[in-house]
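Each structure below appears as structure tokens.
Next, two complexes with chain A in common: one pairs it with chain B, the other with chain C.
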Partner chain A sequence: MFQGLVSGLAAGGTFAALGLLLTAMYRLTATVNLAVAATGVAGVYVMAALAGTGWPYWAAALAGVAAGALVSAGCGLVMTRWFAESGPQTRTAVSIAQLIGIIALAYIAFGDEPRVLPNPAAGRVATLAGVVVTQGAVVLLALAVVIGAGTSLLLTRTPLGLRLRAMAERPVTTELLGIGTRALTVTVWALAGALSSLVLLVVAPVRSSDILSLSMLIVPACAAALLGGLRRLAGALAGGLALGLLEGVLAGSAVVQQYRDVVPFAAILLILVWSRRREVWDASR
Partner chain B sequence: MRRADGPVARRTVAGVPLDGPVARWAVAGVLAAAAAYGLAAGLPAYWVFLAMSAVISGVLLQSLGVVAGQAGMVSLCQMAFAAIGAWTTAQLNVWGVPGGLYVWLPLAGLAAVPFGLLIGLPALRLRGVHLAIVTLGFAATVDVVMAANSFPGVSQGVVVGRPAGLTSDRQYFLLCCGVFALVAVALALVRRTRLGASWRALKESERATAAAGTSVPAAKLSAFAVSAFIAGVSGALLAGQLAMVVSRNFDPGQSLVAYAVAVMAGAHHAEGALVGGALGVLVSELLRRLGVPQQWANVVFAVGAVQAMTQGSGMSDGLRAALRARRARRSDARHADTGPGVSAAAGPEAPALAADGRRAALRIERVSVRYGQVVAVDDVGLTVLAGEVHGLVGPNGAGKSSLVDAISGFVPTGGGLVEVGGVAVAGARGGAAVHRRARAGLRRTFQQDRVPVGLSVREYLRFAARRALSDAELEEGLAGLVTAAPGDPIAALDVGARRLLEVAGTLLARPAIAVLDEPAAGLGHAESERLGAWLRRVPARYGAAVLLIEHDLDLVRAACTGVTVLDFGRVVAQGPPAEVFAEPRVLRAYLGEEPAA
Partner chain C sequence: MIAMRARAVPLAVLLAFPLSVAGCGLSDEPPSASSGGAGNVIKVGGVSSLSGAVTFPDSSAAAKAVFDRVNEQGGVNGHKIEYVSADDKGDPAAAAQAARDVVTNQGVVALAGSASLLDCAVNAPFYQQSGIVSVQGTGVDPTCFESPAVSPVNTGPYLNMAINLYYASEVLKRDKVCMFLAILGNTNDAYGGAVKSWTALTGKKLTLDDRTVKPDSDPTPFVLRARREGCQAVLYNGTEPMAIAWMKVVKQQDVTGIDWLMTTAPYTEAVAKALGPDGDGMYANAEFEPFTEADSPALKDWRELMTAKNVPLTSFGQGGYLAATYFVDTLRTIKGPITRESVAAAFRALKPVQTPMTGTPYEFGQAARHFSNRAGKIVRLKDGAWHVVTPEWVRYPGTLG
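The block that comes next holds the complex of A and B.
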């Protein structure tokens, strides 16, 4: 049991970090960016390709993060250019199309053979209950906290955050006030891509090297974000951690091990149906 | 649904000239059958296999056309439904269930239906983003389960057998075409029924759908059930085509791609689904020949879907709009002399007013609406007699719309009583659902434009009236109110016309009471005057009483025999318009402190 919890720390950090990115992007850009994990995957593969040609790891990783930022900024550009006034449903559908596009381009550029990814944080930090806590787990948890705290500060303490929130909630009104934030919004997208790349650089070597299954990390990330109602950062952090720990515990039992990926779906369903049980109608009036 | 194909079908046969839609459909059907047979006989074997794949994915896209295209709900798990269909087929094959694929196909579809309903249930509360996440999660889950348990027969090397008559790929291709056509025709028939209209109405507004007397949960669940059935059948077809399927054939990535292709091609029309399926196959075949990686196809579809979303419509919509424009030009030239004109047919006989003539069409008592601490409607009582046009006026924020929401069932009445034609629809122990009140004879319109743009004028009026309407009745219902022909798509009407169309549909339903929420908003002065005269005649023409919520006091004076004034959620005056509008309290409520005029 306790062993399971410890081994679920890395997954928990991953889900929390990605869930926080989703939440932050929803509040700052009014988009549920289902491609956020995929942009990170693009970063990971750029790193792997460069490292394969003899680049030192840190330089390749840096280039990977930059690539992730670039891909995400491209997605953000499409979103702000053509869908600035579309409803959330259309914007989600657009991000689905972007997800497909990124996965396909990644397969084209990097092939679909599984590859060994260099692990930047393989060292052990401590041994708890006979389970090794890797540096990766600690880094992921730290990343989650940093993303959460950083977003929270940006949203509540800075004029920039205020502008971005205004832009996300009432784009037309904000522009009528003379605040042009399209460039800022694209910057938020780029930043999210870079952070997602960082997360995936750490998690990919220990989880999977398959482009599709890494991109599908979006499912548990969504579950985490929904625990916070796509608005509360603390909820997303706690939700991600809880899901990861749960996955770790389930992985300990051979019977349910192969079904552990079902957990996020069940969690999503329960959370959503409960939190939106009063949403009988589509419009408020 | 219930009576739709009786009168509707008879009239389309009897009333339509030989070059009408029936003949057109027959010609299209014969041509399609000939084309399918020609392809099966003439294509090289390799291309027959590809064409088969195209048609099968066309069937899958039709399933998306129902749930996403028509009903407007995001579904990212169609491949999961297909996988369930394929799994069922493989299992039936292992068990050796008699009848072969002919029997297995519908059974596979039926096996997917419970899962469709399962996803439909959360869709009763979840929309848009949330529904997308849930369906994506479901797709991932089914993938995990299918990967953990290999398909029946795979480990023993048992292949899905084809029955006699389907053994060659050419024969199987014809079966796929037949299934595609069957699904297309069935969906085209459903499209004409109220069920089909309810799906498209759902896409526009759930509130308006319920207010038209249609159960929103039933519409949503039926859309998901039908969609899952079709997707399940497509999975079974795939199992028959490939003889052995594995979970990789149905990975969640493909559900995403299917959604993108459905958006791009406009899969809610059969030709869109077919074009989408063909594109999928052709693009990947082209890439293969050019030696370009297959994944480029998905890039193409992703870009195509984004492009379609910037346009707001898929390829099939563009095609149909172009065809309609061409047909309209031709028929304009032919019917130039007929002219519009009101139908000469005798107007519908208004049902005689109740013997006493003074029965209450709507009676409400002690209705209160609270939002948290705010009391929007405070203990309001109001009676609209049969045969009366009653005005409900008051300044902004007086609680008029909240009262209408309470009467029609969107918010609780706070224990207040609502009676329609003497039958209680809400009381101390809660009230009936919105669609039940509508069916009981309480109809309402909305301030917002909530007329479904996916319907034609005729389809909308039949949907709203909940009965088959003859063209004479349609013309009669539109006459003097909206200048639109029954065949016009609603998307082509301006917002003012749409709202008047909503009024027409509401009254064609022959309700006991029609609650019209600011029907004149956005109309010019002359139009508004015309509407006033028209509304005055409503009780005599339709036997319906009217509760008119309106800001335009001239219109209220012209149309109403009685008026109720609300201010701060309370009734401040009630009576004939001339008296009420002279009262100082009313003037104060409207004009501030000075009762000058």
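The block that comes next holds the complex of A and C.
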């Protein structure tokens, strides 16, 4: 049991970090950016391509992070240019199109051959219950906390955060008030792309590193973000961690083997129903 | 007049619709399958995954290389071969369309060198109805091995798994054999058949049978479970990126004393390069004479041809090369016109063909299902390079199904 929990730490950090990025993006840009993991994948593959031509790892990784930021900024530009006044539903649909577009373009650009992916955080931190806890797991957890705390500070303590929130929640009013926020919003997108690239640079070497599998990390990340109702950062952090730990425990157990894929989502459904219990039950009464 | 034409168009579409629907299920006579006189072209088809998420371009490229060489040397009895390779895009609808285009519109006499995840599953009944044979270069889905119209030259994932089980328990003499599978599509029963066959053959049972790995799973909990359950040999059917992640976690978690046996899928140069020394101790099952053996006399012709025609040296390329070679050799035995019927008859009458590139002879004949390649050579990664550990073929004494 404890061994399972420890073995799910890295996955928990991954889901939490990506879930927090989703939540932060939703609050700052009013978009459920389903392409956020895919932009990070673009960063990973740019890194691999450059490292393959003899670049030193850190330079290649930096270029990868920049590439991830650039791809995400491109998505953000499309969103602010043509869909600034559309509702969150439309913008989410557009982000699905962007997700599919990035995956297709990445396959064309990089093919499906496995890449050499150096692990920047392969060292060991500790051994708990016979499980080696790697630097990667710690870095991912730290990244999740940093993303969560950073967004929280930005939103509650800075005038910049206030303007971004205004832009996300009342775009037309904000513009009429003379606050130009398009450049700012695109910067948020770029930052999200860079952070997602950082997360994936740590994750990709120890997970199935094909373009599709990595891009689809967005599914558990979405589940994590949902646990926070796409608004509460702490909820997304806890949700991501819980999902990862649950995955670790269930994968190690013979009893629930058959239902492993269902359990996390059944749990999410229950929690969502519980958190909305007043609305659900009061309405039915 | 204009009004009449405008009305005629939808009518023509309506008329054509039932015809095309009929084409989906029923056999069609090819418009130009016959090649009676000398100098005519023999059209040969292939349906492969050439674009999409998982691609197999090497098999059809290798088949084309074989046909090109035959053409350069004067063709088959004076007839040139035209290879029509269609792309199924990894999509069932596109696969059905590709097969109908190649078989019905192009009128090919047979299919050779196809490599796809779903060609057989989608098209095998259509091939059977059309009276056409397919010498599959790489069969992956279970239907490839369960159709009278299709006989793959490769071992396939299921027999590959059975050979690995046999190797682990009977050759390596491991008592605790465990299996982790990622089940994609309709493969569960076929893998189950492989395990059943091995149990019937050896009387042994798996210590652990976990079929819940997903392509995007973190392998850590699975690898730790294998250690906790005391597995001595672990079989895994991961693709290239999955096998890489698996072995990296094995190293990361310091798991030692377990033999990790993979199928043919991760037996590639890219995996060796991506893993480097992290892959030490990983086995794979080569379904043909291992292509990484540069000096193997069995591979001399294949290697020279692939290099000359710029086809990557891979296991898939071996499949395409063998499929095309068997096909050309069979064509040469046909007396009289080369048609879909005469080619199908020649394959139904084919005697087992032995080449040094496979451990068991290639068969077609009249069997309802085809599992002719029942051997593998086991290779192991050491310091980022593949080495053969069984110079002799590991032949599977049982059969599937």
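Following the convention adopted for this analysis, the second predicted complex is superposed on the first by the 252 of 285 C-alpha atoms of A that agree within 3 Å, B and C clash if a C-alpha of one lies under 4 Å from a C-alpha of the other, contacts with A are read in each partner's own complex, and residues count from 1 in each chain.
One rule holds for everything that comes next: a contact is a pair of C-beta atoms (placed from the backbone, for glycine too) under 8 Å apart; a residue touches a chain by one contact, two chains touch by 3 or more.
Please read all numbers here as calculations on a predicted model, not as lab measurements.
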item	value
First, second, both or neither for A:Y107, with chain B first and chain C second	both
Partner chain(s) touched by A:A10 [first = chain B, second = chain C, both, neither]	second
First (chain B), second (chain C), both or neither touched by A:V255	neither
Contacts of A:V273 with chain B and chain C, given as first, second, both or neither	first
Touched partner set for A:S208, first chain B, second chain C, both or neither	second
A:M216 touches, of chain B and chain C: first, second, both or neither?	both
Which superposed partner A:L176 touches (first chain B, second chain C, both, neither)	neither
Doubly contacted chain A residues - partners chain C and chain B	107, 212, 216, 258, 261
Residues of chain A touching chain C in the complex	3-4, 7-8, 10-11, 107, 112-117, 119, 122, 130-132, 134, 205-214, 216-217, 247-252, 254, 257-258, 260-261
Chain A-touching residues of chain C, taken from the complex the two chains share	52-55, 208, 210, 212, 214-222, 224-225, 228, 238-242, 244-245, 248-249, 252-254, 268, 270-271, 273-274, 276
Chain B-touching residues of chain A, taken from the complex the two chains share	32, 34, 78, 82-83, 86-90, 92-94, 96-101, 103-105, 107-108, 212, 216, 218-219, 222-223, 226, 230, 258-259, 261-262, 264-265, 268-269, 272-273, 276-277, 279-283, 285
Chain B to chain A touching residues, read off their complex	74, 76, 122, 125-130, 132-134, 136-138, 140-141, 144-145, 148, 205-207, 210, 251-253, 256-257, 259-260, 263, 293, 295-299, 301-303, 305-306, 309-310, 401, 405, 410, 448
